[in-house]
Amino acid sequence: MSEKKQERVGVYVCHCGTNIAGTVDVVGLARWAGEKLKHLGVVVAREYKFMCSSLGQELIEKDIKELGLTRVVVAACSPHLHEKTFRTAAKNAGLNPYLVELASIREQVSWVHTDKAVATEKAKAVVAGAVSRVIENVPLEEIKVPINPDTLIVGGGIAGIQSALEIANAGFHVYLVEREPSIGGHMAQFDKTFPTLDCSACILTPRMVEAGTHPNITLMTWSEVVNVSGYVGSFHVTVKKKARFVNEELCTGCAICQEKCPKKVIDDVFEAGLGYRKAIYIPFAQAVPKFPVMDKENCTYFIKGTCKACEKFCPTGAIDFNQQDQYVDLDVGNIILATGYDLFDARRVSNYGYGRLPNVFTNLEFERLSNAAGPTSGNIVLRDGKTTPKSVGIIHCVGSRDKNFNNYCSVICCMQGLKFAHLVHERTGATVYNFYIDMRTAYKAYDEFYQRVLEEGTLFVRGKVAEVTDVARSEHEKGKLIIQVEDTLAGKQRRIPVDMVILSSGLQPRHDAKAVGKQFGISCSTDGWFTEKHPKLDPVATMTEGIYIAGCAQGPKDIPSSVAQGAAASARVLDKILQKEVALEPIKASVDHDKCSGCRICNGLCPFNAIAFIEDDQVSDINPALCQGCGTCVAACPAGAISGTGFSDEQIMAQIDGLLFLNLLPVEA
Amino acid sequence: MTAKPKFAMYWAASCGGCEIAVLNTHEKILDVDANFDVVFWPVAMDAKYKDVEAMEDGSILLTLFNGGIRNDENEHIAKLLRRKSKILVAFGSCANEGCIPGLANLSDSREIVHTAFNTISTDNPNQIYPRTSFDVPEGEIHIPNILPVLKTLDQVVDVDYYMPGCPPESHQIAAVIDLVVQVLQGKAELPPKGTVIGAGNSTVCDECKRTRNVKVIKSFERIYNMQIDPALCLLEQGIPCNGPATRSGCNARCPTAGAQCIGCYGPAEGVVDYGARLMTSFASVIDAKEPEEIENILDGLVDPTGQFYRFNLAGSLLKAGVPAWKKEKV
Amino acid sequence: MNKYLLYPGCSMESSAKAYMQSLNAILEPLDVQLEEIEDWNCCGATEYLGINLVPAYSLIARNLALATKQMNGTRTVVAPCSACYLNLAKADYYMRERPALDVKVNEALAAGGLQYKPGTLDVRHLIDVLVYDVGLDAIKEKVSRPLTGLKVAPYMGCMLPRPDYKHRWSDHEHPTELNDLLLALGAEVIDYPLTTSCCGGHMTQIGPETAFELIRRLVAGADERGAHLMATVCPMCQLNLDAYQGEMNGFFGTEYHMPVLFFTQLMGLAFGKDPDELGIGLELVSSRGALANIGVKVTQPESAGPRRKKEEGLPMPPRLNKRQAEKEAVR
Amino acid sequence: MTENFEPTIIGFTCNWCSYRAADLAGTARMKYAPNVRLIRLMCSGRLDPTFVLRALASGADGVMITGCHPGECHYIEQNYKALRRYLLLKRVLKGMGIEPERVKLVWASAAEGAKFASETTAFVEEIRKLGPLNWGKPSDQLPIISEPVQHEEVPA
């Protein structure tokens, strides 16, 4: 097949210093390619110390111009590193960038093999494969799509708020969608923030208010995204505004309804189950927006058909029992997901007794307990609501760094544990024990805080707690919670009786993270966190163009990092918006209508709904803008009527033959 | 035009259905006689190989060659006719892709002979097997030697045109005859070498009247086990219908009659491996994610190899008479 | 009709007769059929695996191999003893995990014309089968004499829920199977955090003092939480807590009286069976008083506590009383 | 024939997971068998059985297909299509007299460089045990029609 079109191919072998040359006979390889691959159209084969260097690139550009190369193969590192480099070089020399192929002889050969002869042979095969493939490459043009300047941000925690403000302040419109009645997220529940101990509400509230009043921000709380379609530049999103049963135009947020409502309900969202709210409620004083929501499941009127106390007392007649869920359609160009985290359910670690032993608390419960605006107005007391603990044990890594639950480190627990220790110490003077596996106090001013807490006299026991029990073995254990632990520094088992235990429950992906990921077309890691495009160099972008992630949705992190990511994500979005249009990789599938018989095999295969069936012509068709280029339909078409650019059947089969070229030699000889 | 151009038709390893299909063109066959001088057609008239050998190379204008290359006689005649003919047409599924005889490529040629001469279905108590040559008083007689695998025509000689079908539909044959006659009268051009003639470019579904929806296969059924909805796509009903991957041209005879397409027209234009297309498309629309579920559904496909390669085996990548890479160098 | 293969294990015929009796008594009402594995042998208990792996596993695997011969319709082997259950399950698991071991063990079995392919059988404990196959609802239905008013400490023992090779148990530290079952019988189940603590196992033979402390914790825990009696699912647990309770009391100078019954005995009672039929009264720490709470009369004579061998040879000083010793030390 | 036989294997990788896993194995300098030659696809869903057949027909002794773990596909769920095609393909290969074990499907995420390396080496050994595929052998083997093969019944 290849013989018929006479392409002029140039092969360039990179030494990568000794990275490749150390294990592959690069000179021999280049010579071999020049001689043995002539029949494929190789007209020049060179090797050079660093092909990616400007000199290396110039070498290629010069050959393209002077030798009139029509195809280029660079045998160097992984295409994920330098494909762009060499394609740009080709472009500069007037050759279509997609006529360049990289043969990975570093990651796939020199770095993973030791025997030079063997490595060189494999390198030859890899190069032969690339040459055969590149001949079948066709020139491609990037597809440009316009960017809608509006942005959707999902999740009104600190990360989402930050992103929203950055974009809004830059003068572009933002839709901020929040599931709960108010924005603020977990941070609004906290009392103090480490390491500076400034009050969480004090620093968060101004941001919330700013977001709530910003002319460029449309706040949609008590709302959820129910459908997403489209692609970078022009997403179409449907948001469900759950009925508040309160007319936001009329409501002044006076909270009289809440005051008059006779129905008390345990608030397991904001108060973490430690306090009560009414059936119609504003989750907390500084809530943004200030409008209350009615919780239909618990409202006496919705259950019994009578009551309507709220309606009676509302001065502005804002209560509307007939309000329905609304569905709002939005068009946006980019989307930032800042959906946050769920707390690990400490009951799963049954040997710590949470849910069984009253005076075992979770970290979130303690935040409310120590919060001046919390159910005990900041008094740190036992479950009975009055007794102040004389001794408190704080257990780290609950559900984290534990093969039985989550393998990862939840990042915040160490500092949080220290914060709790300080607060308990300061407010109750109780003896505080911290039970830790390792103390992790990286980042600015964190370790100093550790020192401070140490000096305050908090006791630290290094070891994973085996059990928290109320079974006393001796008199002085009676009526206490006994923490059984191996003190790995003292090298012995200890039983430490305390009045109160606080469990540093780890952070977990949202229970519905996978579903949300699917909805927005991004993937989750094995742990369930949203996967970033590159763990180091691209932490807020995702594999799906136009979808960004920020805050704990991407992995456990503290407030500073969440804020930083929020800002970073919006920076990426702004860059897209300002470019006005975005170039898409031209790796797309297309249907040959003459060959397509409309069997509709492919119709159900595209998760991006890029394939449509044209009833009139009885053929299937692919929308290039929606197509993500996976090639599944290409591989599935029974008639071979669908072809895919960049990875066409011809290219791949040619590459197969090329890779096996060496095996075929003896047969031909 | 003084003498009429010469026409030949030959059958190698085949069933004879192709010849019948030709005669089945009714009065069109007269056009053949009117426009051609039929020089060699073993089924229809008496002629000797030596007569053909005597002709000068390229003196036959058109040869329709049906049947696969099963033994050295087939191979010899294929090469002979190639030499003598201007236009050599691989006529019918056997010559194109091996067809049913090609299924023999699933077994060793010794097994085949053995099966033919010494299984319960054969009464051969003395285990008598044929010999390629044998001495009789009149001298040594020869019978053709069986080749290790059945080859398609183009695996042995260069082929000008391909005409698929088992057998090719008579209306298509008629059309082709028309075309050739027109060409002779200078009213039409011959299609480029290597073209598939007498068939469509798309697949059977194109001509199938059944309604089609998005495909979701929950199970594969055998057609005699179930009540078939006469209006709905068979594949959607779980019947493994080869239509989606099979070249159009037959007016979707089988599906229209309520039987699944078994693929006698072979792969669509440009397809490398017919069976692969069916495998991949069927598998793609199976409605299961768990390996066990999938296997259960696949159990419904009795003999997948036969299902996907009934006609195409000898022409397929893996069971081609010669390995694919050798073929390319031919 | 649920049909299973039964691996009774040594104790069911001796120290845990009551377990066997009560088990037989409840099979019929629950429509469960147990077919005993023919020519079964010792499971190696808790020690052998600690001494020599291959022979130990071979010893266990022999039972599995024999069981496979009898599996018509069922592939589930039921063991009423936690140690037996764990050993059988362990053998099956590790033979699959470590092909090398599989080979060695099967070589050994081959000597006896036997062989076992790991994974062939499903090894389960009795309570697992009763709770999850028969089902709590079915059990509830059969209750004719609810154990209302009887405060029971549910004691699962340490070997049953861990290691949990096939993720069978609700939890490894605080499994609820026994609680749920007892609740189904109408009993009042006390919160018993010690449910998976160790009963001392064979430490009673090796290091009695250690065993006594472990027994004390369990008994004391049940006593302090107001249990009338303890329910157990394992012959060894029952033996330790019952037979050594007296010695433990003597050792610590305590006076606990905590009857320990098999859960099957309580099921029998709830099903309205006669105490004798259930082997009630065979226990050394009499349950007479405890069962009086639900108006059950134990006819069998109260046994005189642990029967000691008649003293032979020269007299020896009594066992040192720890508390006493401490007091003296203070002075 | 099989002793010191070095299998040639074609490996298909997904651009988002297994290809990156291969890169990772490289950057981490993990060593694995050199017998596998990789082809990058955008997704295991692009894997057309034709490629596998072509590879086997063109002289490969085995084919390794790799993709993202189920539920982690970069294109949401296309790897399930690869799984289904793979399972069907194996059945067809069996029917053609080729050991289905010559084709293997391996899930490897971008983070699993080690897994990629070990799976590769393991597969090479599996193929080494199976021996060379020698495709096209039937056409080299000569027919001996006069001597019957020594078994009674052959499925015709």
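As written, the chain order gives the labels A, B, C and D, with residue 1 at the start of each chain.
Basically, contacts are C-beta pairs under 8 Å (C-beta built on N, C-alpha and C of every residue); 3 or more make two chains touch, one makes a residue touch a chain.
Treat the numbers as computed from the prediction; the structure is a model and nothing was measured.
Touching subunit A and subunit D at once are the following chains: B. Between the chain pairs A-B and A-C, more C-beta pairs are in contact across A-B. Annotation: 52 Å between the Cα-based centres of subunit C and subunit D. Remark: subunit B and subunit C have CA centroids separated by 74 Å (rounded to whole angstrom). Taking each chain's centre as the mean of its C-alpha atoms, subunit A lies 55 Å from subunit B. For the pair subunit A and subunit C, the distance between mean C-alpha positions equals 50 Å.
For subunit A, the set of residues touching two or more other chains reads 605, 632, 635-636, 649, 653, 657, 660, 664, 667. Among the residues of subunit B, those in touch with two or more other chains are 272, 277, 280, 284, 325-326. Arrangement of the chains shown, judged by which pairs touch: an irregular graph that fits none of the line, ring, star or complete shapes.
Every pair of chains meeting the contact definition is listed here: A-B, A-C, A-D, B-D. Interface of subunit C with subunit A (complex): residues 171-174, 191, 193-194, 217, 221.
The residues of subunit B lying in touch with subunit A in their complex are 201-206, 212-216, 233, 235, 243-245, 248, 267-272, 277-278, 280-281, 284-285, 325-326, 328-329. Contact residues on subunit D toward subunit B in their complex (touch as defined above): 48-50, 53-54, 56-59, 70, 77, 80-81, 83-85, 87-89, 91-98, 135-136, 138-149, 152-156.
Interface residues of subunit D, counted against subunit A in their complex, comprise 8, 10, 16, 19-20, 22-23, 25-27, 29-32, 34, 37-43, 45-48, 50-51, 54-55, 58-60, 68-69, 71-78, 81, 85, 109, 111, 117. Remark: subunit A residues 350-351, 353, 356, 467, 469-471, 473 touch subunit C in the complex.
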